[in-house]
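The data blocks that follow each hold one structure.
Same chain, two partners: chain A is paired with chain B first, then with chain C.
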Partner chain A sequence: MMGGVCIKFGDSVNTDVIIPGRYLVSIDPVELAKHAFEPLGPEIQGQLRRSQIIVAGSNFGCGSAREQAASCLVGAGIKAVIAKSFARVFFRNSINTGLLAIVCPEAVDAIADGGELAIDMATGAVTVGDKTFHFDPYPESLQSIIDAGGLIPYVAKHVLSAGEVRKNG
Partner chain B sequence: MNLVEKILARASGRAKVSPGEVVVANVDTLLLHDLSGYITSRVFEREVKMPMRYPERVAMVFDHHFSPPNEERANILEENRAFARRHGIHLFDCGSGNIHHVGVRNGLVRPGTIVVGSDSHTPVHGALGCFAVGLGNNSHAAMVMPFGKAWFRVPETIQVNISGRHKPVVTPRDAALWLTGQIGEGGAVYKALQFTGPYIKDLEIWDRWLFPLITIDVGGKCGYVEPDEKTIAFVRSLTDEPFDLVTSDPDGEYEAVWEYDISELEPQVAASPTLGNVKPVGEFAGAPVQWAELGGHGGGRLEDIRQAAEILRGRKIAPGVKFNVVPSSRTVFAEACREGLVDVLHAAGCSWFPPCSGSNQAINMGAMSKTEAMVSTHARNFPGRNGSPEAMMYLSSAYTVAASALKGCIADPREFCNKGGTV
Partner chain C sequence: MAKTFAEKVLARAAGLAEVSSGQVVDVYPHLIMSHAASWRCIKTLEKLGTDKLYDVDRIAMVMDHNSPARTAKTADDQKLCRAFAEQKGIKKFYDIDAGIAHVVLIEDGYVRPGMVLIGTDSHTTIYGALGAAGTGVGFSEVTAAWVSGFLWMRVPDSIKVVINGPLARGTTAKDVMLKLIGDLTADGATYCSVEFHGSYLQGLSVSERMTLCNLAMELGCKFAYVPPDAVTRVYLSERGVGPGDYQEIHPDPDATYIRTVVIEGAQLEPQIACPHTVDNVKPIGAVAGKKVDQVFIGSCTNAKYEDLAQAAAILKGHKVAPGVRLIVTPASKKILERIIKEGIYSTFLESGALLTNPGCGACAGDGGSMADGEVTLSTANRNFQGRMGSYSAEIYLGSPLVAAATAIRGVITDPREFLSKEG
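Up next, the complex of A and B:
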């Protein structure tokens, strides 16, 4: 279980907003986190630090393929992003950096900025107040990458077969 | 199966794949540029610490810098060069051109293959019948570099069937911009888009190329055009490397078929903040511009330079307008010289820049103050990509870029037509 107060955004938050291009020479998630959402003003940083969960509308993370858009959120202490939908490269980069990207439009509609929620990955449920919303779990192959903490630690732990990702090689 | 499914099945050693499955597939080409390549190289050497399995499949193109503007950037490029030497990958240094054109023109992009890269416009290579997608650094560093593989979720495919003929002075770039608005940002999230129909089949390769280019901006995973005899002749002119053409089966399945007709289309302009903010040129006519550019990952093709020259021949751009011409490759510049286009644009008041990705992200050129605006053939118009977040970027065809440079404001290129409807 994870949860607490969330920070909520609207639709089509792009990667230039999440982490501006001028900071992309860094690969340190903690350093990058200092500049997360910088174009939206300095107040966002405080709110980001108080939250484990980002809630967003549709097409979160659209724009460039920069992995730092996911890793800077990991560096800021974010554990999961719940959105109506994700830009696919962001979704991929989330898995590869160990950040949960959950598609659950009903939960997004049910919560306001700063509201509290809880996520149960085991049952695939988001709880907002007295309401519970369900989401589709990851396929096992992708869940095992998340469980390892991202693609690099995953590859270090598991052996690749010719045709598929297999757990415990 | 369709083309994407057939390529993914073959590359993952399976007889068949279906949308939704996750496969690990062999990657044929990895294209990195000087910014993303720097990140990837550090993750690979500091965190992954394994040998480069297939260095001949990896290329790094310095396209955001035709020349480093300061010591920090010079250091980054030197580290990139040292990385390329250590691992034996292809290096295309400053002045080679933009990453995607360099990849194509050097035979690194061949039909039926899997092409990946950190640049989000990597899906453009679907124009040659590839499965081409943009991935993040970790995918490259942890799987492509040490194993020559990457994981992919097999996407659902949507057929985008385009028919009709342009009105005069309307171009494939206008059609592609318009289509971005029609499909909508996020209108094709995670989908593969097959661009097809009589309109697409009639286009030459560098014009077909503009359609998979928009894939990322409608949220898609990849886009492609079925390869045909034009594709084969085009690739054969660039490389002797063998390739196996992959085409969709006649009974290939598509999640949906979307039909479009471009017959009534007018010249289009996409204004900041996003590509989806696309309207007929008249909606923006009169908006001042101080900068014009043929360049970026979307432009600087020979076709763009020819269009601009048609309008600018014997004319002068407006006082106060600066017009950057950035060839997408050295080949394009050489051909522009042969056709006399370098003189024509120079005489009109334009400035020629070395082959690179131009003002893309304003890394080595193209920053604007908050009072400035640019009209260009670039692929992106997000606020803040070119200096001030308040600066405006208008995306359009090269005809519209040239017409706007003549007037100092967004202008309809048909104003410069003669009665026959040609420019």
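Up next, the complex of A and C:
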């Protein structure tokens, strides 16, 4: 179980708003976090710092393939993003950086900005107040990347240690 | 069972007899591209503690986003890439002079029908122009694929887009796509493979096919695809790539699509994407007259030879409006060479344009920044807030024809005002 306070956004929050391109010179999540959501102003940035969960509408993370859109949120102390839907590259980058990306539209509708929620990955449940909403748990392959702490630790642990990789056309 | 392009291409790259949409498979991409993000991949590889690469000949690196370097940090990042390429023997390494990765790799014949390609850039979907499956991933994923050779992919559902041609006067592949993105919205094809079909494609240039597949990403798609045909084969043979060097993949006629969309080219008008989302699309009549401070003709979407030639044809004999900045950034060095040779470069200069070195330039926020409250009309693929300088500036997207007409008038202008009735 994990959980915390949420910051809530609307639909179509894009990568350039999450982390402007001018800051991609860094790959340090903590350094990047200083500029997360900068186009939306210091108030939003302050609230982000006090939150553990991002709640968003549809197509969160649309736009660029920049991995820093996910890693800057990790640097800001965000543990999970719950959205009505995700852009596909953002979803991949989230899993690969160890950030939970959860599709649960009912939970998004049920929670208010600044509210508290709890997530149970094992059963695929989000709890908001006295209501519980269900989502499809990750397939085993994705869960094992999350469990390893991201794709690079996963590759180190499972791929490199497996010895010779198979060849394929 | 009848299969889509996506199902066939992923089955082949996964070494399986067949796959179906929804299935998760380990896919071995034929080409792994990284651009300005290459140094991040190298640093990640160091962190991984291995120097073993699956197949160095599948790696392509292009220094396109911030070139030439304007800070010591960027210079240092590029130095790292140069040394890495040298040390590992990466033959497909392109330095700061080459241009935009997508355009350069297509121009040099490295992108072929039936391939699967990944890249550290969302617009990697552009490779569908030659019947290949391209998709964007993050830098960790590229690093992992360098080492393991594969990555997981979910076999996507497919959407069929039928474009009936020819297009109406004054419209281009850019207008087709902006109309489609406006109609379907920015997540209209999320996680899907978009297949283009229809009479418009017959004889269509590779340049316009690239524009279709590049912008398809703004629908959220995973792949975009134009079926390879005689145009594809001629384009490749001009680059020394013969039919024996690739295997075309065509969808079965009765394959299953989750959605079919039809666009009537004859009814199309020039389209504009308004701030700050690419799906905020309006016909040009709704925004004509909007004052601009800057016009940018550049990017992997619309700075290819044909795009620049079209814009120059309108600009010829005209001057850029007083107080307006016109920035032209050719997509590649080869395009730059050709426009110099054909006098197009001079046409731009005489009109009052600034020509920059080939690359991503202002599209990636490298030059061409705007002050507070300024407005740019751009031929690029994205108009997100803050992408070109101030967070309070605005970006409108349109075709190279719209860009040229707008530069002359200083306000967003319908290019049909500059075209003959026949044109």
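Here, the second predicted complex is superposed on the first by the 159 of 169 C-alpha atoms of A that agree within 3 Å, B and C clash if a C-alpha of one lies under 4 Å from a C-alpha of the other, contacts with A are read in each partner's own complex, and residues count from 1 in each chain.
Please note the rule applied: contacts are C-beta pairs under 8 Å (C-beta built on N, C-alpha and C of every residue); 3 or more make two chains touch, one makes a residue touch a chain.
In this text, all values refer to a predicted model and were calculated from it rather than measured experimentally.
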With everything superposed onto chain A, say whether chain B and chain C fit together or clash.
clash
Is A:93 touching anything from chain B or chain C once the two structures are fitted on A? First, second, both or neither.
both
Looking at the overlay, what does A:21 touch: chain B (first), chain C (second), both, or neither?
both
Shared contact residues on chain A for chain B and chain C?
12, 14, 16, 20-21, 24-25, 27, 39, 58-59, 62-67, 70, 85-89, 92-93, 96-97, 139, 141, 150-152, 155, 160, 165
The chain A residues in contact with chain B across the complex are 11-12, 14, 16, 20-21, 24-25, 27, 39, 58-59, 62-68, 70, 85-89, 91-93, 96-97, 139, 141-142, 145, 150-152, 154-155, 160-165
Would you tell me which residues of chain A are touching chain C in their complex?
12, 14-17, 20-22, 24-25, 27, 38-39, 58-59, 62-67, 70, 85-89, 92-93, 96-97, 139, 141, 150-152, 155-156, 159-160, 165, 167-169
For the complex, give me every residue of chain C touching chain A.
12-15, 24, 28, 36-37, 40, 43-44, 47-50, 52, 54, 71, 73-74, 77, 119-122, 124, 136-141, 143-144, 147-150, 152, 186-187, 190-191, 220, 222, 277, 364-365, 382, 384-387, 391
Note which residues of chain B are touching chain A in the complex, please.
12-14, 22-24, 35-36, 38-39, 42-43, 46-48, 76, 117-120, 122, 134-139, 141-143, 146-147, 149, 151, 185-186, 189-190, 216-217, 219-221, 274, 361, 380, 382-385, 389
